[in-house]
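In the two complexes below, subunit A is the common chain; its partner is subunit B in one and subunit C in the other.
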Partner chain A sequence: MHVRWSDPRLIFPLVAAALAFGLLKPQTLPIKPQKPVEAVYRFIELLPQGSGVLLALDFDPQSVAELRPITDALMRHCLRRELHVVGMTFNPYGAPLGQDIIQRVARDPEFRGKQDGVDYVYLGYKPGDMVQVITNMGENMQAAFPQDYGNRPTATMPIFRQLKSLKDFNYIVDLSASSTPETWIQFGSDKYHIPMAIGCTAIIGPDMYVRLNAGQINGLVAGLRGAADYETLLGKPGQAVKRMFPQSLIHLLIVAFVIAGNVVFLWMGRRGKEQKQSRG
Partner chain B sequence: MIALVCAGVLAVVNAVLFALGVLPIRDAGIPNWTQTLVVLAGVVMTIAIFSFLYKDNPFFRAAEHLFVGLGLGISLVVLWYEFYKPDIYDALVVPAFTKGMTVGHDKLILLIPIGLGLMVLLRMSRSYAWVSRYPLAFLVGYGMGFGIQPVIHSNILKQMKPTLEATPMPWFGWAIVGMVAMLLLLTAYFASKGGRLATYLKIASGTVAVAYVIARATERFGQSPEAVEAFASMDKIIIILGVFSVLCYFVFSLEHKGAVGAVSRVGIIFLMLAFGASFGYAVMARESLLIGRFQFLLGDWLHLLR
Partner chain C sequence: MRFIKLTIPLLLAFLFGLFGFGIQYVPAPWASDTKELIAHWSRIIGGVAALLGTYSLVHLHRARIRRRQEGWGYSIFFFVGLVLMLAAGAYNGGMWFLSRQVEQSVYDKLYDALYVSAGATMFSLLGFYIASAAVRTFRARSFEATLLLVAALIVMVGQVPVGNLISGYFPAVSNWLMGVPNVAAKRAIMLGVSLGALATSVRIIFGLERSYLGGGD
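And now, the complex of A and B:
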């Protein structure tokens, strides 16, 4: 097959090479946390010990590359601050992922002594209409979720002695790659006056700034950059910080391609004009 | 051809990895064949999907079909275990057909949604398709009743408040804002007429925009409370200008000429900026996924990452 110099397929190996270089020769870049991310961190820092934090892990394997580091950092922060974390999801395909992330963080030697059902719990997926489920949670958590993800009855779990309904939670964080934050804001945060933050994929990040500007959420952790910011604030650089260098390399490459493309476009446009004039 | 090349390269690389002892994956020195197979399946699928970047090929299509099939299979399992089994089979069918068991009265209410669900299926019949409209009407009514108030409150009223909130700013701030707004409008107006003046105005508007972005990003300004307040006020004015001009662009009952045309062209600039920001974030999101896949290939498979 004939490949022209302007063939877009030439971009792919260059991106792959830049990415491989970035991963094989990692460099630490200075990371200055963004204000919306810092707001989430500060809010969790100021929550009193034993406060309830609801982590809605509404994502599936497609978004795990971005949302896993965010969830990991948030869960770590909450456990470090001795907060009670309840995890759940409205995405059936993401239910096992949520369990895996929460369990892995909780098993970290830093959190030795933290008990499932006492300090944290993962409730898994709840089928049905999201609005209806949130409303049920607002009435009674144990009625909405009679069992946790491991089929253990929630009625006997010490964590729910204090967190009887959604109203007893001090913070909601929706980690999402879809439109679930809107429903959480409308039927969870706004209705029960619970402060809320959003952790989301970069692709829906711009849509969430509207909510941030309106004060409907008090913080936003968007994409891998947001996760890297949070890891930096926690003082525990993880996957997201590691991925910042390769991502920056690709950014530079794309910017170079955009500039080159525009230069070629302008040059070809001028040449086309000149050819027309010479013909005329 | 490409499929054969991909398969050949994969086979050779895996053979080398086994020869070097990188594979199989070991847990405390003991080979973990399940984990090894999971990683190899992931590698084959990833490379099969990436092969589309060169061109469409059977290797890619096989992976694509497998993905669709798996997705459908998982959906069916989820549907069964999360909806049909607990709400129909275990709640109604098992007690009804098991000796010594009776269906609880509280469960009988489930017959109503089941009936409504079955009515939707009548859409497939030509003679009785009209029956399916009733459950749909029920759904629409329920959705509207539940949604109207919170949606208006959250998506309109709460958004209007920060947009229209009073912005404290000294008189010279308003003067600057007025001049910039005039500059933008004049640029938009003369841009449609062309000529040298339009070029100068475009350059002036672009310079003002770049200067504002630079000033906004400058660390020194970010630390001064007066500057922070002034920038916050300016941001709000930009938002108001954006909302007004974009709304103007979407008013189709007026011809976009003269003042309306100029304002709607400013609206186009705001729309383009929003699309650009969204596209930038979309690229970043895709990069993150790509980095995740490369980490998997270089780390979990080739063991090249520390």
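And now, the complex of A and C:
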């Protein structure tokens, strides 16, 4: 059996081995948080107690590995800072996920005393045109979401006494693996002058730099690295920090493969030229 | 027949296209009410489309099983999944579907144990394919390809903590690449796509673009 240098049968087992080694023999790498992540952390740190933060959890199970640690860290930070958190989603497949993440963090002994409907609430999925729903939220939160994810009426929830409409929120963070941040920027953040940040998968991270450089968002938490940066800033290393070692190993392995592949490519090219010249 | 299949859809696209565009510039309450009404319509149409989609999937997989086409066994899993999730959702932990959703019901358990795990696994497989694709495609074939190759290697090392351990230049250069050349290219692409979308919309409104009607016309 002839196996080429770039054959997946060679690359896949090596990637799997590096991943397994990284997970089974974890090492702690020093993490220097990136500036876009620091910007989100600092903004939340400076928000007055009781401010409203909207977490739009617009992702589904496919991107949970990257976006759960980001959501977890953000939620933890907000509750620690005594902010009011409202979660919701425009992704029908991810609706139960949001509930799970928010409830898990809120149940942490660190946040004993925090109450659902008072300090935080998860509204779940709202069907319909995203622009229209955001516009409705800008007029009246309780009219846009008459019930939360557990079908409890929002009309009697103390959290909405202060957060009557989207205009009353102090920060929007869209956690997404798709194009939802664009709509949130246009119809949520820009329209109602609410500062905004984005948490996203590493794949769409480069797209979001356009928004960051234009000042449309004030911070960006991209991929597992972003989550690890945020956990480091929080002083509570979690899953993302743990996974930085396997991720680093995989990146180094790919780099080594690419370099080796190019050395072979250049050497073969030179040898081919020499053979042609000797024939000529 | 031509009138129903071609003229009416073109007329509707023309009227709704112009109306949807024009109404954005009318600062009157009736305009915003009408926009909301159209949004409700589109939600209903979306619901009907979901039903049609389900019917189409059922039809496709039923035909595949009946004809014993290659991979027909996977179609059985489609029906198992469809029936199981529908039944679990309707049963709603014994409260049935008209009541409030019961937490930790069979539906939730199936969602967590099967859907979340399967979704995350599918996405994780991308890591393997990206590794394989990177090795095969990043070749210094030309000056431009070499530039791309070097930039990719710097970003790959700079984006993980180990890059900072090797040299502080890696994250610095990686951030510059992401913030300057990447943004310039992305902006150009976004502008191009937006102008293209605008041109296509105008073509659809005026009936010049008809591919959405099907039939290759």
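Heads up, the rule we're going with is that the second predicted complex is superposed on the first by the 273 of 280 C-alpha atoms of A that agree within 3 Å, B and C clash if a C-alpha of one lies under 4 Å from a C-alpha of the other, contacts with A are read in each partner's own complex, and residues count from 1 in each chain.
In this section, a residue touches a chain if its C-beta (ideal position, glycine included) is under 8 Å from a C-beta of that chain, and two chains touch if they have at least 3 such contacts.
Keep in mind that what you see is a predicted model, and the values were worked out from it rather than measured.
Q: So if we stack both complexes on subunit A, do subunit B and subunit C clash, or do they fit?
A: clash
Q: Is A:Asp148 in contact with subunit B, with subunit C, with both, or with neither (first, second, both, neither)?
A: A:Asp148: touches no partner chain.
Q: Contact-wise, after the overlay, does A:Val64 reach subunit B, subunit C, both or neither (first, second, both, neither)?
A: both
Q: If we overlay the two complexes on their shared chain A, which of subunit B and subunit C does A:Asn213 touch? Say first, second, both or neither.
A: In the superposition, A:Asn213 contacts both subunit B and subunit C.
Q: Please work out whether A:Asp190 is in contact with subunit B alone, subunit C alone, both, or neither, and reply first, second, both or neither.
A: In the superposition, A:Asp190 touches subunit B alone.
Q: Pick one for A:Asp72: touches subunit B only (first), subunit C only (second), both, or neither.
A: Neither partner.
Q: After lining up the shared chain so the two structures overlap, which partner does A:Ile254 touch, if you call subunit B first and subunit C second: first, second, both or neither?
A: both
Q: Quick one: subunit B or subunit C, who's touching more of subunit A?
A: Tallying touched residues of subunit A, the top partner is C.
Q: Is A:Phe12 touching anything from subunit B or subunit C once the two structures are fitted on A? First, second, both or neither.
A: A:Phe12: touches subunit B and subunit C.
Q: Scan A:Ala20 for contacts with subunit B and subunit C and give back first, second, both or neither.
A: first
Q: Figure out whether A:Tyr125 sits in contact with subunit B (first) or subunit C (second), or with both, or with neither.
A: Once the two structures are laid over each other on A, A:Tyr125 reaches subunit B alone.
Q: Where along subunit B is the clash with subunit C: 1-9, 91-99, 127-135 or 253-261?
A: With the two structures superposed, the offending stretch of subunit B is 127-135.
Q: Quick check on the output: what are the common subunit A residues between the subunit B footprint and the subunit C footprint?
A: 12, 15-16, 19, 62, 64-65, 93, 127, 131, 202, 205-206, 210, 213, 223, 225, 247, 250-251, 254.
Q: Considering only the defined contacts, which subunit A positions touch subunit B in the complex?
A: Per the touch definition, subunit A meets subunit B at residues 1, 9, 12, 15-16, 19-20, 23-24, 62, 64-66, 92-93, 125, 127, 131, 182, 185-187, 190-191, 201-203, 205-206, 210, 213-216, 222-225, 239, 243, 246-247, 250-251, 254.
Q: Taking the complex as given, what residues does subunit A use to touch subunit C?
A: Its residues touching subunit C are 5-6, 8, 11-12, 15-16, 19, 29-32, 34-35, 60-65, 93, 96-97, 100, 127-129, 131-132, 149-151, 202, 205-207, 209-210, 212-213, 223, 225, 228, 244, 247-248, 250-255, 257-259, 261-262, 265-266.
Q: Of all residues in subunit B, which touch subunit A in the complex?
A: Subunit B residues touching subunit A: 53-55, 74, 78, 82-83, 146-147, 150-151, 153-155, 158-159, 161-162, 239, 274, 277-278, 281-285, 287-295, 298-299, 304-305.
Q: Can you name the residues of subunit C that touch subunit A in the complex?
A: 35-36, 39-40, 42-43, 46, 100-101, 103, 108, 111-112, 115-120, 122-124, 127-128, 130-132, 134-136, 138-140, 149, 152-153, 156-157, 159-162, 164-165, 171, 175, 178-179, 182-183, 186-187, 190
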